[in-house]
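I've put the structures underneath this note.
Next come two complexes, and both contain chain A; in the first it sits with chain B, in the second with chain C.
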Partner chain A sequence: MIEQYEFPNGLVLVAEPMPGVQSAAFTLLLPAGSAYETADGVKVESGAASMVAEWIGRGAGDRDSRELLNALDNLGVSHSESAQTLHTSLAAATLGRNLIPSLELIADMVRKPTFDDDEIEPIRALSLQNLRSLEDDPGTKVIYELRKRHFPEPWGRPSPGTVDGVTALTADDLRRFHSRTYRPNGAILGVAGAIEWPKLKEAVGRLFGDWPKVDDGRIHERPTGPRRDHIVRETQQIQIAMAYPTVTVDHPDYYRARAAAAILGGYSSARLFTEVREKRGLCYSVYASYESQKDRAAVLCYAGTSTDRAQETLDVMLAEIARLAKEGVSAEELRTMRAGLKSSLIMAQESSMSRTNALASDWYFLGRVRSLDEIAARLDALTPEDVSEFAAGQGQLDQMTILTLGPTPLKTPTTPG
Partner chain B sequence: MIEQYEFPNGLVLVAEPMPGVQSAAFTLLLPAGSAYETADGVKVESGAASMVAEWIGRGAGDRDSRELLNALDNLGVSHSESAQTLHTSLAAATLGRNLIPSLELIADMVRKPTFDDDEIEPIRALSLQNLRSLEDDPGTKVIYELRKRHFPEPWGRPSPGTVDGVTALTADDLRRFHSRTYRPNGAILGVAGAIEWPKLKEAVGRLFGDWPKVDDGRIHERPTGPRRDHIVRETQQIQIAMAYPTVTVDHPDYYRARAAAAILGGYSSARLFTEVREKRGLCYSVYASYESQKDRAAVLCYAGTSTDRAQETLDVMLAEIARLAKEGVSAEELRTMRAGLKSSLIMAQESSMSRTNALASDWYFLGRVRSLDEIAARLDALTPEDVSEFAAGQGQLDQMTILTLGPTPLKTPTTPG
Partner chain C sequence: MKFHQTTLKNGLEVVAELNDTAHSVAAGFFVKAGSRDESHDVSGVSHFLEHMTFKGTPRRDALAVNRDFDRVGAKHNAQTSEEDTFYHVTCLPEYLRESFDVLSDILRPTLRVDDFETEKKVIIEEIRMYLDNPMSVAYEAAKAEHFAEHPLGQSILGSIDSITALTSEQMTNYFREKYSPANIVLAFAGKSDWAQLVELAERCCGGWEGKPSTRSTTTVQGSRSFKAILRSEDLQQTIVGVSDGPPLESEDRYAAYLLSTILGDHTGSRLYWALIDPGYADGADLSYQDYNQAGAFYSFLSCEPDSVQDNLERMAEVYRVMMAGGPTEEELAQAKNKVLARSVLRSERPMGRLGSLGFNWMYRRRYLSVDDELNAFSRVTLDDIRRILKDWPLWPMTTVSVGPTTDVHPPKD
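Right after this comes the complex of A and B.
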C-alpha cells in the first residue's frame, strides 16, 4: 500500500510500509543539481551543487560538524549526500525505530546548515581531489563527458565542476545556490520499510511543513556537441561511449524503449554482450543503458578496450545498434528481457533503500507511483512487432553522439550533411 | 532458523529461509582461488582461476554457450562467477520458484563444463583486457599489489594474473586446474530467501551428492615483501595503501579487532575520515577495513590524493594508527561503532544475497553460522579497556606494509633493523 501526501508548500511525501523488515530508508530529492548553477551569478561548472551537498553535512541546527556526524553514526544511519545534474539527493538507511530522529537531523542539514566559512577550504580541496581522481578513472570520466556533449546545456553538466570553477567559488556563491535550490517545491521525499504512515506524515509535516517556497529559476538551454569527439589521454585502454535519443518515462512508448535498450545491452545474453564480449573477447564490460530526464532521454552505450581492438569494438557496437533498427527483436529475446526485468524489479522491491529510489523517481517522472503489477502487465503486453516497430526509428547516426578517450582517435561514421 | 547439512563428499549446505521474501539467492564457494594455481605445473600468476571461472559459463551439460546464458536469463537469474585469491565464487539471485532450476544450471557449469577449445582465445583476450583496465584503475591496482606484498605467497596473489602468465596458459592447464580445485570437499553452498529446506536439501543432494572428492593440493608458503615499496605511474593522484596484521575471525579477540579497525576507519565519523577528509580535505575516500583469511588477517588502509598533499596524508594516517595503539578508544567511540555495526548487520540480513555471503563466510571461518543476537551480544560486551588493550599491540611499523603508486615516492618510516 503506497501512501502519498503533498504539503501546501509543494513537498511531496511518498511512502511504502514494508511488512517484515526492521530497516527504514529514505531518499530526499531536491531540485538542486548542477544544472541549476547558472542563475544569480553562481559560476557555471563550478561544482557548487557538490560543494553545498558537502557543506550541509558540516554542522546544522545546534550541532557542529563533529556532533552532527556523531549523531548520525549513533543512530546507525548509513547516509550519503550527493549532487547529480538534476538533483541533489540525500539518501539514508537505518533501523525503523531510528527513522524519525534521522529525519530530524537531515531536516536540520537541509534547512539550517551552519555554513561555517572555515569549512570552505577543506571542501574546496576535496572537490579538487575529486576532479583529479576522475582523471585517473577514464571509464567514469568518459560518461560525464559524453552526457555533456549529448544533452543540451545545462542538462548534461557534470556535477564535479571544473578546476577553474571550483577554484573561483566563494562562500556567498554557495549560500546563494543553497537558498535558491534547497526548497520544498520540487522536492520529493520517498520513504520505505518499517514505518507507520500517520506518525511519519506528522513528523515530516512538523519538520518541513513551514519550509517556505522559492520561485523556480529560469534555465536557458543551449545546444551542445560536438557529435563526434576524442579526448586524448595516455591510458592503456580506449574508452568508447555513445548516446542516442529515446523516449522519456512518461511517454506512451516507454516500455517499448526499455525493451529495445535491454535487448541491445541490458543483460548477460544481450546482443552487445554476446557480440563484443563473448564472441570476440574485446572487453570485460560492455553495456547499453536507458537514462531519462524529464524532457529528454537517451540510450547510453559503453565499452573500454585496448588500442589495437578499439576500432573493431566501435564498429561492432555500431553494427549492433543498426541491426536492432533494421531487423527488430525476436519473441525469444522479448521473453528473456521480460524474465530479467521482472525478476530484478521483484528483487529490488525487497530492499527498503532501492524501494525509496523507485518511489521518488516514479513521482518525479509520472506524478504517481507504479505498482509492480502494472509494470509487469505492461511488459507482458509487448509484442515483438511493437518493439521492432519502435526500434526501427532508433539509433540514427545523425542524432548519435560518439566520444572516445585514449591515446589515439578512432574512425567514426560522419554525420550526414 | 538456520539449516545445515554436510554431504558425505564434504560439500556443506547451509541455508536460511527468510519469511516474506520472494527472492532466493545462493553463493557457492569453491576452493579454487588463484592461490591454488601453483600445483601440477599450472603457471603461477597465470590468471587460471579467473579464466576457468569464465570458461565454465561458456557451455555446460547439453547446452552450448548461448543456450546456457539464455537459460539463466530466462529464469531471471542475476549471476556472477569470479575468482579471488582463496575461492572461486558463483553467486546468483532469482525468484524463489526458480531457485532449483538455477541450481541445476550452476551444477552443470561446475561439474560438466563443455570446455570448448574454441573459447580459449576470446577468454584469453578478455583476461588481457582486464589487466589493461587495471592499469587504468590505480585505486584497485594498489590494493592488489598491497596484498601481494603483505601476505605470504600465495595468499596475496592477485586473481587477474600477469600478461606473461595469461599469455602462456594452455587449455590443458585450465582443465587441470578445474579438475583439481572444483570439488565438493572444501566447497560451501549458502542459500537464503524463499526456500523450502527439505526440497532444497533433496535437490542439492541429487545435483552434487555423487560429486567425487579430490585430495587437497599442497601449498608451499613463501615470504613476500618488500614492506616498503613504490610503483611508478604517471597518475594524477598518488595512491597510498597500508596493511598490518590483526587476528582472524575465529580468534577470541576477533570482536576487539573489528572494533579497533572500525573506530580507526570504518564509518563516517571514524578517525581517519575525520582527520584526513573532514579536517584537511586531503581526499574523498579514506578507510581502514578488516580482512581475514583462515590463518592470517590484516587491517587494510587506503587513501588517494594529489602529489603535493600525499606526504601529509600518509603522515596523518600513520599518526592515527599510532595514536590508536597509544591512546586506545573512548566509551563514546565504542558506542558509535556498535550502533553502526549492528545497524548494518540488521540491514544486510534483509537481503537474501548478502545473507548467503554471511552464511558461507561464517561456515568457512567458524564451521558454524553466528546469529545476529550472538554478534550483538559480543559487541555489547566489549569495554573501552578491552579494545584499548588489544589496540595497544596493533599497527607496529616493522610488521606494516606500506605501498604507494604514482609519479613520485613518499618518505616512509623505515623498519627497525
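Right after this comes the complex of A and C.
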C-alpha cells in the first residue's frame, strides 16, 4: 500500500510500509544537482552542488560537525549526501525505530546547516583531490565525459565540477546555491520499510511543513558535443563509451525502450555480452543501460579493452546496435528480458533502500508511483513486433555520441552531413 | 528463521536458513579453492576456473548457461578470493528448480580447450583493467610484500605471464583435486522448503565424485617491509598498509572488526577526523579481513603526492595513539550501533545471509544466526580491544606506496 501526501509548500512525501522488515530507509531528492549551478539567480562555478552537499554535513542545528556525525552514528544510520546532475540526494537507512530521529537530523542538515567558513578550505581540498582521483579512474571518467558531450549543457554537467570551478568558488557562492536550490517545491521524500504512516506524516509536517518555497531559476540549454571524440591517456585499456537518444520514462513507448536497451546489453545473455565477450573474448566488461531525465533519455553503452582489440570491439558494438534496429527482437529475447525485470522488481521488495529510490524516482518522472502489478501488466503486454518497431528507429549514427579514452584513437563512423 | 543441515552420501554438506517472509531464495556453492591453494606454476587458476565453469557443461554450452539463468530472471555471479570460489544465484522461489539446475550443472564443467583459449583473452583483459586502477595495483603489491613467500601473498588473478602459460590440462588437474564434494559446502537462504531442497541437492549433486582435498594452513608473520612503486601516469598517490590480525578461527574477530570500525570506517572514525575531514586525503580507511589461520588489517590512503609523507605520519600517529590508550566507551558503543544497523539491513535479503551462512559452516562447522552474531559483537569490551591492540599491533605495518612520487619513507617512531 503506497501512501502519498503533498504539503502546501510543494514537498511530496511518498511512503510504502513493508511487512517483515525491521529497517526503514528514506531518500530525499532536492532540485539541487549540478545542472542548477547554471540557473538564473544562482550562476555559480562548476562543483558548487557537491561542495554544498559536503558542507551541510559539517554542523547543523545546534550540533557541530562532530556532534552531528556522532548523533547519526549513535542511531546506526548509514547515510550519504551526494550531488548528481539533476538532484542532490540525501539517502539514509537504519532500524525502523530510529527513523524519525534520523529524519530530524537530516532536516537540520537541509534547513539549518551551520555553514562555518572555516570548513570551506578543507572541503575545497577534498573536492580537488576527488577530481584527481577521478582522473586515475578511466572507466568512471569516460562515462562523465560521455554525458557531458551527449546531453545539452547543463544536463550532462559532471557533479564533481572542474578544477577551475572548485578553486574559484567562495563561501557566498555556496550559500547562494543552497538558498536557491534547497527548497520544498520540487523536493521529493521517499520512505520505505518498517514505518507507521500517520506518525511519519506528522513528523515530516513538523520538520518540513513551514519550509518556505523558493522560485526556481530558469535554466538555459546550450548545445554540446562533439559527437566523436578521443581523450588521450596512457592506460592499459581503451575505454569505449557511446550514447544515443531514446524516450523518457513518461513516454508511451517507455516499456518498449527499456526492453530494447535490456535486450541489447542488460544481462549476461544479452547481445553485447554474448557477441563481444562470450563469442570473441574481446573484453571483460561490456554493457548497455537505459538512463532518463525529465526531457531526454539515452542508451549508454560501455566496454573497456586492450588497444589492439579495441577497434574490433567498437565495430562489433556498432554492428549489434545496427542489427537491433534492422532485425528487431525475438519472442524468446522478450520473454527473457521480462523475467529479468520482473524478478528485479519483486526482489527490490526485500530492501527498504531500493524501494525508496523507486518511490522517489517514479514520483519525479510521473507524479505518481506505479504498482508492481501495473509494471508487470505493461511488460506482459509487449510483443516482439512492438519492440522491433520501436528499435527500428534507434541508434542512428548522426545522433550517436562516441567517445574513447586511451593511448590511441579508433576509427569511428562519420556522422552523415 | 529456521536452520537445517544434512550431509549427502558423497560428503557434500548442505545447510539452509529458511525464512517464509522472504520474496526470493538464494543458493550458493562454497568451494574451498582460492589463490592460496595454487602452486606458483598455476598462479591465477582458481579464478580462471571460475570463469571456465560458465563456458559450458555436457548439457549446456556457454550461451545456454547464460540464457537458462536469464530466462527465469535469476541473478547469478561468482567470485574468487584468496581462500574460496563462491558461486551464487538469487531467484524467485518458484524458479529455484530451474536456477539450481544451471548452478549445479556448471560446477561440473566440460573445460573445452577452445573455450579455454577464448576465455584466456577475457582474463587478460580483466588483469589489464585492474592494472589501470592504482588501488588494485597497490593492494596486490602490499599483499605480496606482507605475506612474502606465504601463499596468502599470491595474486588472485595471476599475471599476464602466468595466465598465458597456463594449460588446459593443468586446470583440469586442479579442478579434479579441488571440486570434490567433500571440499564444497552448499547453502540456501530465503523462502523454500527443506525437504524439497534436500531432494534437489541429491538429484543435482548426489552423483558428484572426488577425494577430499587438504589445504596447507601454516601460520604467517607479516614482513612489515616498505616499498615504493613509481607510476608516473597517476595524479594521486596511493598507499596500502598491512598488519597481522586474528584468524577466522578466533573469537577475537568480533573485537578486531569493531576496532577497524572505530579507527577506519569511511565516516566518523579516527582516520576520518584525522585525514578526510581536514581535506588532507580523499581516502583513508582501515578494514579487517579474516583468513583460515591468519588475519590482516588493511590500511588504505589516497592523497596528493606532495603530502603523502605527512599523511602517512598522521596515519601512524592515529595508530600509535590508539595502541597506547585504546578506544573510549563512547566510540565502542557507536561502533556497535553501526554494526547492528548494517547487519540488520544486510540480512533482510536472502543474498545478504548466504555468504556468512556458507562460510561459517565451511570454516567453523557452526550456524550463527543474525542474533548470535549481534550478541557476540555486543559482548566485546574495552579490555578485549586493548588486548587485540597488544596482541596484533597495527603499527609498524607493511607499507606499499604507488604513484607519481617515490620520495616517501617509513615514518620514524
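In this section, the second predicted complex is superposed on the first by the 410 of 417 C-alpha atoms of A that agree within 3 Å, B and C clash if a C-alpha of one lies under 4 Å from a C-alpha of the other, contacts with A are read in each partner's own complex, and residues count from 1 in each chain.
Everything that follows uses one rule, which is that a residue touches a chain if its C-beta (ideal position, glycine included) is under 8 Å from a C-beta of that chain, and two chains touch if they have at least 3 such contacts.
The structure displayed is predicted, hence computed values, not measured ones.
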Determine, for the superposed arrangement built on chain A, whether chain B and chain C clash or fit.
clash
For A:Asp210, is the partner it touches chain B (first), chain C (second), both, or none of the two (neither)?
neither
For A:Asp250, select first, second, both or neither according to whether it touches chain B, chain C, the two together, or no partner.
neither
Regarding the shared-chain residue A:Asp64, is it in contact with chain B (first), chain C (second), both, or neither?
neither
Give one of first, second, both or neither to describe whether A:Asp116 is in contact with chain B, with chain C, with both, or with none.
neither
Classify the contacts of A:Tyr284 with the two partner chains as first (chain B alone), second (chain C alone), both, or neither.
both
Check: chain A residues flagged as touching chain B and also chain C 19-23, 58, 65-66, 69-70, 72-79, 93-95, 98, 121-126, 129-130, 132-133, 135-139, 234-237, 267-269, 274, 277-285, 304-306, 309, 332, 335-336, 339-340, 342-344, 346-347, 350-352
Residue numbers of chain C touching chain A in their complex, please.
21-24, 62-63, 66-67, 69-76, 90-92, 95, 118-126, 128-129, 131-134, 233-236, 267-268, 273, 276-283, 302-304, 330, 333-334, 337-338, 340-342, 344-345, 348-350
Name, in rising order, each residue of chain A that touches chain C in their complex.
19-23, 58, 65-66, 69-70, 72-79, 93-95, 98, 121-126, 129-130, 132-133, 135-139, 233-237, 267-270, 273-274, 277-285, 304-306, 309, 332, 335-336, 339-344, 346-347, 349-353
In the complex, chain B residues that touch chain A:
19-23, 58, 65-66, 69-70, 72-79, 93-95, 98, 121-126, 128-130, 132-133, 135-139, 234-237, 267-269, 274, 277-285, 304-306, 309, 332, 335-336, 339-340, 342-344, 346-347, 350-352
